[in-house]
Amino acid sequence: MKRLYNYLPVCVCVLALLTIGELTAAQETTKQDSTRNDVLVTVGYHNVNNQWSYLSVHAKAKLNGKFQSVKGAKFHVYLDKDSAGTLVGDLVTDDKGDAVTTLKPSLKDQWKSGTTHTFIALYDGDAHYNASKTEAVVKEARLKVDTAEGRNIVVSVEELKDGAWTPVKAVEIKVAVKRLQSDMPVSDKESFTTDSTGKITAEFKRDGLPGGDKGLLTLIAKVEDNDTYGNLQVEKTVPWGAVLKPVSNFDERSLWAARFKTPVWLLLMEYFIFFSVWSVLIYLVFQIARIKKAGMPG
Amino acid sequence: MSRGWRKTVPVRYQLLNNNTVEKSIEYANITRDLLPMRFSRWGKVWTAILLAFCAAGAFAWILQLKNGLVVTAMGDYVSWGIYISNFVFFVAISLVGSLITAVLRLANVHWSTPLTRIAEIIAVSAIVFASLIIVVDMGRPERFLNLLLHGRMQSPIIWDVIVISTYFILSLLLLYFPLLPDLKILIRAKETTGPRLNKLYRFLGSFWKGTPEQVRLSEKAINIMCVTIIPVAFCIHTVTSWLFATTYRPGWDSTNFGAYFISGAFLVGAGAVVVAMFVFRKAYHLEKYITELHFDKMGKVLVMLALLYLYFNINEYLVPAFKMRKPEAAHLEDLFAGEYAPMFWFAIFTGMLVPIVILLFKKGRRPLPMFIAGLMVVVGAWFKRYLIVTPTLLHPFLPMQGVAEKFHHYFPSWQEWAITMGSLAGTLLIITFFARIFPIIPIHETIIEQHEKAV
Amino acid sequence: MGNDNNSRRDFLLTGLLAAGAVAGCTSKKNPFEGYANGDVTASGETVKLLSVDGEVIEMDKAFLKPVPDLPHPSNSEERKGIAGKKFVMVIDLSRCKNVGACKKACNHAHQLNPDQNWIKVLSMQEAEHTAPYWEPTTCMHCDEPPCVKVCPVDATFKREDGIVLIDSDRCIGCRFCMAACPYSARVFNWEEPKLTEEVAAQPYSCETSVPQKKGTVSKCDFCPDMARMGELPHCVTACPNGVFAFGDLNEDSVTNGSETFRFSDLIRDKAGYRLMDDLGTKPSVYYLPPASRNFPYESGLEKDSSGQISTSK
């Protein structure tokens, strides 16, 4: 699987193409000047916990044969139509070429006008790069996680069709446990595809996984970069972890501890030697004074 | 031991007061011979050369302070070079103070009396430059105070700082107390010594009258110092050896290091005293005071110490060579037959074997052969310290890869040589100036000795 | 871009195969996640946003600040570390082919001089008949660090989260730690580091180890500044082959950016070990043996202009 890493630039190209809407929309870009580079723009819609959502814009350009993130690229992001009323925000990409934004309350009416939305990212272009327009079309969907039965996690995907939530099949879902910097798949199978009922069942195989001092683990079910539905993620906390109260030896006295945590035996040895010798030295200095006095007449 | 001193002193003073005429002639002769003299032409040339070396060293250090330690030939692998081996060498030499002054004095050995001050000044001077060379080796010398403000008692370097300071103070005191009776003589000899030095003598010891009470106090203090300085001297060099022995590296990871270093220190110190003996004897015409007997006795001491050091060397090298553990194999091969072989065998022969052979014979214990043997011991010891520090660093556990070719070897840069030579010259300079200001052989004790012999 | 559908479809085929591996590599982490150590306190200020259903909801502003807004830890916080964590690294020797991306990323992120490498990729072969392999070494962040034991001024210290750092404002440059380290992990700034004026004028941070100072020691620091933000060290993300995996022992999880493993399973199944364990240093870096390799050893050797193979870069 790692060999495929060599195809990383190709895959990013592909991903960019997929999210721009391989199946539903045609992509349009405007080319103005052939001496300037093109920026590959990825627009993503992210639904978090079925509560709120955000949009991400990623800008990449091919420089010297390698893809590099474009920093400081200015985008205007619109919902459905590129008019002032549907402006989501003006974004500038950071060092990694990313920019994110949530949706403003003023877009409420536009949002409620339908269940399929198009996000348009307009790039102004600059001296190095051509301007472009990128679109992503997303259908509203939701993810549900059910952990009622034993250690089985049932995840279902539903989309809003004609006012009713209908199950969607053939959606790839990943089920994992949230860890510090990444998500650990709950079993050896990394991803699952929903069946005709729109459900997948993942078995939790990570018995005894440490879950902090209360034994709680946060499960996360993700749909990543789906052509139709964008990105969905739902988290759920379950008490399936092992209780781990980390014991820190930071405050213990040891040879490698900080200054005031010297082992007692070492301190005793050192101070004993130091004080016994230095008391002799101080005594000797006093002897000089005594000799001085003994030399005075009277 | 000290009872001998205490009993005879009051008696001697009675004699001195009663037989002033006779004693005073002898007293005058000894005093005249041993008073510090102005520099002869050779003395001036010698001092000038030493000053030149010191100046070169100081200049090189300024360059180093400006540009950083990059002026040296040290790299990420050989991170300790001749500054550290020089430091070890200085600490080693400074042990001689305790050897001659304390150990021999406590053993009631009288022939060593003329040599005590030479030994002490070598010790003090060496310790001063040991501290200086360590500051030179620091990457951030201006942060020296951090050792006091943030010192960690678990670190062998902190132990070393404490022990070195303690030893320095103790050696200074051991230099000062026996100097008090001589100061009285020096103050009296104002016409010979001159007004400026006279002021110095007065400042240092005009309170010394030689009363029985003062003598008693002084003698007691000296005895206490002699007893105290021996464990401190052992500490100082053992802790210095632990700078290496507390690491895992091949060649350093040895339980033998404390004893090995101390025996080496006594040897090189004794060698230094022999060299100094010869030079002072020649320069100040002290043949009557540093006699052939002294050379003979020191020769025997030197042989014994050399044999002891040879014994520790055999333990240090033969035992790991028998096993040839992987990390040590490359290191030992390098020493015995590789890049460092010439220096290694030179150090062994010059530092131990040849002096032993010379000194086993009575003819070899005459002044000139002794001087050569002493010189060989000191030079051999300097290279031995170099062999302890650098070759180990060239054999780390993980291979040295990805660094420039020059970091696979180490040869000190001119700045390092200049600073090292400067520090050695500085040590000699302190000794030279000391001999110019103070009698290098204790006058008062020599007088007492002569009395004892007569009595 | 002017590509037509056909060539896009060609890409698709190879792309779909890679999609499984790739989907994770774009690391879709919620950028509004908050701090790694979870101590974001609600600021009390709320912001109105549009919910998924098209309703207006309120969320505390503190939870919506993208991570760069972290306050800079004080020196004593940097010395204590992140509570409750115990960082470990797993280096998979079967995947390393001496690409050197880790070295480049690390050197760049910490503004090191070109000849200073905190990560050394060594060409190893224990004995005549044993396999040659490439071994990247970082600082081992030992649990009984010999370097910390010998430091006279507390300039190098071990934190609660296991990371060993260096305070370049305290270091006196005695280089005892360099002599004590058996892994040759430390390098020294023999001269003034080549930094831009802007970087050199910044106050020193133990966690980023930037800016480096003349006459002080430096070494791999496990990028604790990245860990505070819930991100991975630079070498981990830079390696194209996923050689480095970083994580928390208290969560029993390590990740190389695209794959996440249960640490205890990984070490047990692949017979992980530590370097020079017999010295008693208790390193925090585990190695997976170079068995069933992805690349032959020779693929890491550089060929010079005449076609001759030379050893590592």
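Going by the order they are written in, the chains are A, B and C; count residues from 1 in each one.
Here is the rule we use: contacts are C-beta pairs under 8 Å (C-beta built on N, C-alpha and C of every residue); 3 or more make two chains touch, one makes a residue touch a chain.
In this text, all values refer to a predicted model and were calculated from it rather than measured experimentally.
Remark: the per-chain Cα centre closest to the mean position of all protein Cα atoms belongs to C.
Which two chains touch most often is answered by the contact tally, and the pair is A-C. Centre-to-centre separation between chain A and chain B, using Cα means, comes to 64 Å. For this pair, chain B with chain C, the centres built from the Cα atoms lie 50 Å apart. Between the CA-based centres of chain A and chain C the separation comes to 16 Å, rounded to the whole angstrom. In chain B, the residues that touch at least two other chains are 150-152, 154. Across the assembly, chain A contributes residues 255-259 that each touch 2 or more other chains. Residues of chain C found to touch two or more other chains are 149, 154. On chain B, the positions that touch chain C within their shared complex are 67-70, 72, 74-77, 79-80, 137-141, 143-144, 146-147, 150-152, 154-158, 161, 243-244, 246-249, 393, 396-404. Residues 1-2, 8, 11-12, 14-26, 28, 30-32, 36, 47-52, 54-57, 59, 64, 66, 68, 79-81, 83-86, 95, 144-145, 148-149, 154, 157-160, 227, 230-232, 240-242, 246-248, 250-253, 255, 257, 260-262, 294 of chain C touch chain A in their complex.
Those residues of chain B that touch chain A in the complex are listed here as 150-154, 159, 162, 166, 169-170, 173, 176-177, 180, 207-209, 211, 213-214, 217-218, 220-221, 224-225, 228, 231-232, 235. Within the complex formed with chain B, the chain C residues making contact are 115-117, 120-124, 137, 146, 149-155, 170-176, 178-180, 182-184, 186-192, 214-217, 276, 279, 311-313. Chain A meets chain B in the complex at residues 255-259, 262-263, 266-267, 270, 273-274, 277-278, 280-281, 283-285, 287-288, 290-292, 294-296.
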